[in-house]
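Listed below are the structures to be examined.
Two complexes come next, and they have one chain in common, subunit A, joined by subunit B in the first and subunit C in the second.
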Partner chain A sequence: MRVILSILVLIVICLGIVSSLHRIPFGNPETKIGKYCINKGREETGAANIVTSVVVNYRGFDTLGEVTILFLAAIGLGSILTSMSKWSQRKTEPASLILKTGCRFLLPLILLFGAYIFIHGHLSPGGGFQGGAIIASAFLLIYLTFHGKGMNETGSKVTESSSGLIFILLGLIGLAVGNHYFLSNFLPKGQLNDLFSAGIIPLIYIAIGLKVGSELAKVIYNLMEKS
Partner chain B sequence: MIIVVSLLIVFMLIAAIAAIFFRDLLNAVIAACMVSLIAAILFYFLHAPDVAMAEASIGAALVAAIFIIAIRRTQRHEE
Partner chain C sequence: MEFLADYIYYIGAFGLIIIGLLIVLVKHNLIKVIIGLSILDTGINLFLISVGYLKNGTAPIFSRTDLEPGNMVDPVPQALVLTAIVIGVAILALALSLAVKLYKHYGTLDLRKIKEQRW
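== the complex of A and B ==
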């Protein structure tokens, strides 16, 4: 009975998705807003990467919501795990020489690559979320290699809060100074394809990258060390 | 091109079904990780490198790591 019901629910969901999507041809820009962003995005925002111009400039408020959701998830996980009583402290073997040497060699390169991804978010593919996830994977490598030598918790909290504050402050300055909407681009656009171009977009992406990286690293820290 | 994409989609379906049916949860996590990795390759073929990077770093690396930590704290085999 349960199997039949679940198959029925699955069929209904599939029919709903297919009936709403089958009229749109695959890969065809049907909407006006898509055409507008592709044609005008470069001139209006100064960012060479159109995806970044949409994510940070046209839909910057949505990005603030996404960052807030991640923040709430990290806080919820931390509060659940710290309120639980500590499990048995299992003895873990020390990491092998290969892992230690590889970690020492690869760690700065991974951190540099993550920083490159979010600093160049307005020029090349990538951005704050991708760079933050890469930085968090570097912290995962640290926890796998050096057990117990956790990260500096105050440092991570300060990084996270200050980058969130920078994001909101830039948005509020745009509300006061620029075109008078939240996250309006009030800095000069500069030359297209330059590192210092596109106004506030690189600043916001650096803030998002630091925030996402410290949040995901804290999630991994909580899971590895506290549970 | 179309042959490569269809092969990737077939592999992705096989990995997704395997992730459901594996009794050993570590194997299931690796199969689910393979689904996100192939999804990242397909996103790249569809000219969406931003999404591909997010999918590869979050779906294939961090989610798998979190699942493996959870398996280490609980039990490895599904009864």
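== the complex of A and C ==
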């Protein structure tokens, strides 16, 4: 009975979607804001990657909110999983030689690649969120290889909160110094396609990368150690 | 056939959304419901990306000087999806931790057997 009812509901939703979407032509977006960002983004923010200039500059305040959502989810997961008594220790076999050697060899390279992705976020595809996810995958490799070792919890807390503070402090300095709005770009824009360009965008992306990396590593740590 | 070729990305994205909704509505296992939510999330991300698609367009990155601004896809939905993916991962992890907690409390993940969860 419930299956039939839900299929009926879905058919109604499908009809609504089709009747509203078949008038929208596919393949030529005509949003004015997208055109504006593409045409003016280089002069206004100095970043070659327009997606980055939208994420960090035009929608910087929104990104701060999204980082906060990520922080809240990590905190909630930690508090849910730590409030229960520690489960009986699972039997774990030591990892094989291949995994251990591969981890020792690949770990610095993965960390370096993650750092490259978020430092070059304003020049090439990538940015803080992607680089943070790559850094968290390096921590996942550590947890799979050396059970129970890995992240220093105090260190991850310090990294996470200090990088969040850097984000907010940069915004507040922009409020005081630059164009007098939150997260305004007060540093010199520099040459397009240069590593040291685009003002505060690389600094904010480094902060976001460290924050996302330590938060996702903490999520992995909580899920692997405490559940 | 013309319609199908023009709208194949919308059809795929909404197919994923409908499949996800169907799983959420029909399945009784909590893990399967969470998998359905994840599929729904992916469908919504694909739909947002395909809204900004431009035929034969390039990525909105001025890595070379000969790239034309008029031939670039819409950057705003890409920026939205960029953050939405990471948020989706965090929400998925939170939902899974709640499922772990429920399993330890009730000893089952079947939604019909959890008393306060009946629907």
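To be clear about the criterion, the second predicted complex is superposed on the first by the 219 of 227 C-alpha atoms of A that agree within 3 Å, B and C clash if a C-alpha of one lies under 4 Å from a C-alpha of the other, contacts with A are read in each partner's own complex, and residues count from 1 in each chain.
Rule of thumb we're sticking to: a residue touches a chain if its C-beta (ideal position, glycine included) is under 8 Å from a C-beta of that chain, and two chains touch if they have at least 3 such contacts.
It should be emphasised that the depicted structure is a prediction, and the values quoted were computed from it without experimental measurement.
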Which superposed partner A:G127 touches (first subunit B, second subunit C, both, neither): both
Which superposed partner A:V3 touches (first subunit B, second subunit C, both, neither): second
First (subunit B), second (subunit C), both or neither touched by A:V54: second
First (subunit B), second (subunit C), both or neither touched by A:F167: neither
First, second, both or neither for A:M224, with subunit B first and subunit C second: first
Touching partner for A:A73 - first (subunit B), second (subunit C), both, neither: second
Subunit B versus subunit C as contact partner of A:I117, first or second or both or neither: first
Residue contacts with subunit A in the superposition, subunit B compared against subunit C: C
First, second, both or neither for A:L216, with subunit B first and subunit C second: both
Partner chain(s) touched by A:F139 [first = subunit B, second = subunit C, both, neither]: neither
Shared contact residues on subunit A - subunit B and subunit C: 27, 49, 51, 87, 125, 127, 129-130, 133, 216, 219, 223, 227
Residues of subunit C defined as touching subunit A within the complex: 3, 6-7, 9-10, 14, 18, 21-22, 25-26, 50-55, 59-63, 69, 72-76, 78-79, 82-83, 85-87, 89-91, 93-94, 96-98, 100-101, 104
Residues of subunit A touching subunit B in the complex: 27, 49, 51-52, 87, 117, 125-127, 129-130, 133-134, 136-137, 140, 216, 219-220, 223-224, 227
Subunit B residues within the subunit A interface of the complex: 46, 49-50, 52-54, 57-58, 61-62, 65-66, 69-70, 73
Subunit A to subunit C touching residues, read off their complex: 2-3, 6-7, 9-10, 13-14, 17, 21-22, 25-29, 31, 33-34, 37-39, 41-42, 48-51, 54-55, 59, 62-63, 66, 69-70, 73-74, 76-77, 80-81, 84, 87, 123-125, 127, 129-130, 132-133, 192-193, 212, 215-216, 219, 222-223, 227
